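Okay, so chain A shows up in both of these, paired with chain B first and chain C after.
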Partner chain A sequence: MPEREWQPRIVAFFCNWCTYTAADLAGVSRMKYPPNGCVIRLMCSGRLDPQLVLTAFARGADGVLIGGCHPGDCHYVEGNYKTLRRFRLLSRLLQELGIEEERLRLEWISAAEGEKIRHVVTDMVEKLRTLGPLNLPGRHEEWDKEIEALAHEAQAHEREEAMSYAH
Partner chain B sequence: MPTKPKVAFYWCASCGGCEEAVVDLAEDILGVVEAVDIVYWPVAMDFKKKDLEALADQSLVAALVNGAIRTSEQEDMARLLRRKSQYLLAYGACAHLGGIPGLANQFAREDILRYVYEAAPSMANDSKTRPQIESRNNGDAVTLPEFRNGVRALDQVVEVDYYIPGCPPTPGITKAALGALLAGKLPPKGTVLAPDVALCEQCPRVDSKPQDLSLTQFKRPHLTCLDPEKCLLAQGIPCLGPATRGGCEALCIKGNMACTGCFGPTSRVRDQGAKILSCLASTLAAKEDQAIEEGFAGIPDPVGTFYRYSLPSSLLRRKVDLPPMKGEPSL
Partner chain C sequence: MKPTNNEPVRIGFYICHCGTNIAGALDLADVVKYAATLPDVALARDYKYMCSDPGQELIQRDIRDHNLNRIIVAACSPLMHERTFRNATEKVGLNPFYCHMVNIREHDAWVHTDRVEATAKAKALAHAAVRRVALHKPLETKKVPIHGDVLVVGAGIAGIHAALTLANAGKRVYLVEREPTIGGHMAKFDKTFPTLDCAACILTPKMSAVGTHANITLWTYSEVTKVDGYIGNFDVTVKRKPRYVIEDTCTGCLECIEACIYREPKFADEFNLGLGKRKPIYLPFPQATPPLVLIDPETCIEFKTGKCKKTCVEICADRRAIDFKQQEETQQIHVGTIIIATGFRVFDARRIPYYGYGVYPNVYNALEVERLLNAAGPTGGEVILRDGKKPRSVGIIHCVGSRDENTNRYCSRVCCLYSLKLAHLIKEHTGAQVHNFYIDIRTPGKSMEEFYNRVAEEGVDLVRGKVADVYPDPSDGANGRLVLQVEDTLSSRILKVPVDMVVLATGLEPQADAQEIRRLFNMSCGAEGFFLERHPKLAPVNTFADGVFLAGCCQGPKDIPDTVAQAGAAAAEALSLIVRGYTEQEPNTAYVVEEDCSGCKSCVPLCPYTAISFDAGKKKAKINEALCKGCGVCVASCPSGSIGQNLFEDDQLLSEVEGVLTYA
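Right after this comes the complex of A and B.
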């Protein structure tokens, strides 16, 4: 079977009140953009625990897109400012850990900005194509090959012991 | 006379502080020695690996292993102790989470070896000699363990039954864990043997922690004159108390030092560093990019601050662009 061409995978965390509604608008307006984003709706971008971003990367996402209301427009008044601060610090942390800046993106997209959804997703997919796969699950597997040899040896030893008890 | 339960202590990539912590039980260690037979403890007693190998599998009640796993020898010993013991306990932050040695997961193996054996200012090694796994001298072969690409927590190599947290674990935590073990009153497998609440809940300064923090800037503790009574977070010091398990008796706080997170996260948190990042970022008042950057200027090293003890067991585990990459030989 021919290997399928690699496609960037984006996990997109959108807030209920603005960005998710904008994605809906892009849909009903029949705008065309790449289908690489998997959208997860949150009540507020401020609910986005950084653990969720890391989990997405650790499980194979190539990029994470966070969408929230424009500053001043948050349904919960302050949520998106918390997002902004977490994003700035998280972005620095990720870069220090070798994850390229373009893989984590924050955009303010209001409910009326369906066109901005189209543009942002298209642009992010292009940038991720240039960067190539992040493939953290594959990298973790690769790192752990170095401890497999001794694991096999230990298993062989256990089998041997079991055999000697059996006799 | 019924035989006493057998236990073993072992150290891997660690500083020796955990061994010290066992000795810190002071006269209580006599109670431990009375209750158990220590059959293996390289730092204090003269048993050899072959003595351990000669014991029947599962004949030890427990092995307490401290230190992270960096070399093939440590892996080998972890597997041997696992096989010989009914319970394997990760003792201390390094075995539990990877610990301070785990911060080496920000650097490639080759860079570490080059620095240590060539570039370090205190190193005089013109021939650039490096340790070899095997070398021959007059027909005699000498071997050394392999230095792996990354640092691992104990449970990333073998199955671990319980965790005793801390850098090092306090005498109180150690005594309680040994007591529970010997009495057979153990919680479900996989439990961290310490209270499952954040340190803030046990902090003597908790009353001075405001409901809503609104900081303009994080400060570096060594450049700040600290109030010995007031919540350190309220003073702008990045304290890991909100994202760290309690049970340490708040010893650092009592010494007017911020928590650095050695007890690891509570059971409800998967990634301690991400959680404290989230907490600290939300306490800042700034709303503009520049003010935010200025606010964070007091945290020059987020990886070292947030993952001081837990990088290998974090979700990312390691700087992601280090070798080995796919298709490369691992060594």
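Right after this comes the complex of A and C.
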């Protein structure tokens, strides 16, 4: 198989009632959008533990998309407001870690908005293409190597010093 | 909860062709080959239709022959067939929650064009499922009892039919209607297509049956203001507006109307869309159900000045049915199921200014013409213009507020037929020349095309073209005459047709407060604003709120036969739940792992259902499983990770994340 060119990878967390259903609708309506996102179904976007987002990035996702019901429309009354709070905090935290803002996206998509699924996924893929790979696992590896090298250096230094004392 | 099953995991992986739906877009053999290499996968197969009986039997046979204890079906959306496959595995003794679906149709095959990429995505999703399902635990569904009473919201023909169906089956029905009388739009129609039987003749017997039925509690002039609870157990608050007439004592004798200080009806009559007049105390229309008068405080002198002679009270005498001090009341009811039949709103033709509705007096909407044709209407069934003259030529414009980029894109479905009906009736009543201007004539359904042919043969002039302008005839002595400018697209000529009367075939729109109603009952709306059915074909009367069903035009434009059929279906769905007596709920509830709970209470206020309490003795959070609806908000918020959610456990979700990212 020929080498595939780099494709951004998106992990999408969709709530069962609005956004997952909208993605089903996009399918039933045969709308076309890029295949870069894999959907993980949650009952409510409020179930989204920040840990899941962090894990996604740590394991190689280039972007994470969160989809919930529009404000006021949550099947569980107000779960999406809790998602919004967590999202804001998480978004700032990720930026502090050097992960660009556009890589974590929250969208309200109702069960009727198949077209919005198509638009959001297409748009996000385009933006991620411009940003390029996040490659957090690769960066971790590099950092690990750097740290290892530093540790080596420090050890060598210590040894040298110990030698000089011995003399 | 720890896994109780310690045998080694043996996964059966099945991929469905769905005919060519999936097989046409993905390389299934490649996915099967890949799945077979994944850990714990004992067997991977593809099959033409997994949901068919042989498909399900294939899984069942493999469970027995190959000792499988986890099943993955990569096919359509789990919202479609999850239950099918869970049932199939349960039948051969495998816990249904060991079965998991991968959505490779709606989320993959149908939306992607690149075969290689789509296949790669299917593999990534398969990998996620393989990791996830290995961590599944056996679960049991929760049985929730269904209360036998039903709430029907809206008492047009849909609500009436649903209520009667249920009441005749011996169920208690609360029928709530916003207007002072039941009957809805159908009560305003003159005759109905294609049979031309009179709307009142077929509707009013049903209305009075509702009014007198022992099993129906009818609350008119009332609105649902609050809905709590869930399938089987809804607590509903109904607001009853004051009609200033005591329901139990009013006999419907109507003497008060006669006695009103206003000698003549003076105020615009809502039932006749302002074409007729009523007094401040009135009966909406002769067959109103319940047959009770009401007082409009906006126009009643007693309400406005407090100085009326109150001749109405005088004549009512000992019956003492009139009560100027009546207050709004609220009622609390407990029901198990709800049928929404809130109907539609007529498109406001003022939104298309070039048709001159509301500007030229001789431009009417279709519903107004129904009232003019009706023998009980404001003109006693005579089609006369506002100046009292009979029109000699009439133009009916189709698709007003339908099939139009500027207003509504959808077809309102009934306008072609009712326009043909109006053409026939206007001709019959006035002998006028009638021109129908259409984009396409759409007359599907039993006896409908025949009706179209019949009206065409009667000499109604049918012009294919969208009217571009309606303007006053500039010639002398035009006397309110209007000119319709239109391109006859069959002969490619611009026509200027002078007519005395213009009828706009206004489309059907969602009710103005459809969004509020939707929120109240936790439903969804489609893009046009009509309430969304759970599945357009297989669950057309169900909503995304369990136990809430749809009937009639609130779900989308439809004619009377379809409305009645849908109302019957909604009643049958409610009845099916009631007769069974219980429903099974997804066991996706949250639970506290007590050893790990630090007792911080941060989860307690987050629960929208107050399912979480704090056990002060143990200093631990406690979740009431009966109240938990399984959103998982508490799970994500617990700082010590001591709340789990069945079917959506942390390790299961994390393994999915890792799974989709592992495939390269």
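Heads up, the rule we're going with is that the second predicted complex is superposed on the first by the 142 of 167 C-alpha atoms of A that agree within 3 Å, B and C clash if a C-alpha of one lies under 4 Å from a C-alpha of the other, contacts with A are read in each partner's own complex, and residues count from 1 in each chain.
Keep this in mind: a residue touches a chain if its C-beta (ideal position, glycine included) is under 8 Å from a C-beta of that chain, and two chains touch if they have at least 3 such contacts.
It should be emphasised that the depicted structure is a prediction, and the values quoted were computed from it without experimental measurement.
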Q. So, A:135: does it touch chain B (first), chain C (second), both, or neither?
A. first
Q) Does the superposition put A:49 against chain B (first), chain C (second), both, or neither? A) both
(Q) According to the stated criteria, A:150 is in contact with first (chain B), second (chain C), both, or neither; which is it? (A) first
(Q) I'd like to know which partner A:19 touches here: chain B for first, chain C for second, both or neither. (A) neither
Q | First, second, both or neither for A:32, with chain B first and chain C second | A | second
**Q.** Larger contact residue set on chain A - chain B or chain C
**A.** C
Q: Check the residue A:82 against both partner chains and state whether it touches chain B (first), chain C (second), both, or neither.
A: both
Q: Could you pull out which residues of chain A sit against chain B in one structure and against chain C in the other?
A: 49-51, 55, 82, 86
**Q.** Of chain A, residues touching chain C in the complex
**A.** 4, 7, 9, 11, 16-18, 20-21, 23-24, 26-28, 30-35, 38-44, 46-52, 55-56, 59-61, 72-73, 75-79, 82, 86, 110-113, 118
Q | chain C to chain A touching residues, read off their complex | A | 77-80, 103, 105-108, 110-114, 116-118, 120-121, 124-125, 128, 519, 522, 524-527, 532, 544-545, 588, 606, 608, 629-633, 635-637, 645, 648, 650, 653-654, 656-658, 660-662
Q: Write out the stretch or stretches of chain A touching chain B in their complex.
A: 49-51, 53-55, 57-58, 71, 81-82, 84-86, 88-90, 92-93, 96-99, 134-136, 138-140, 142-147, 150-151, 154, 158, 161
Q) For the complex, which residues does chain B have touching chain A? A) 57, 72, 75-76, 79, 83, 106, 148-150, 152, 156-157, 269-271, 273-275, 277-278, 280-282, 284, 286-287, 289, 292-293, 295-296, 299, 302-303, 306, 314-322, 324-326, 328, 330-331
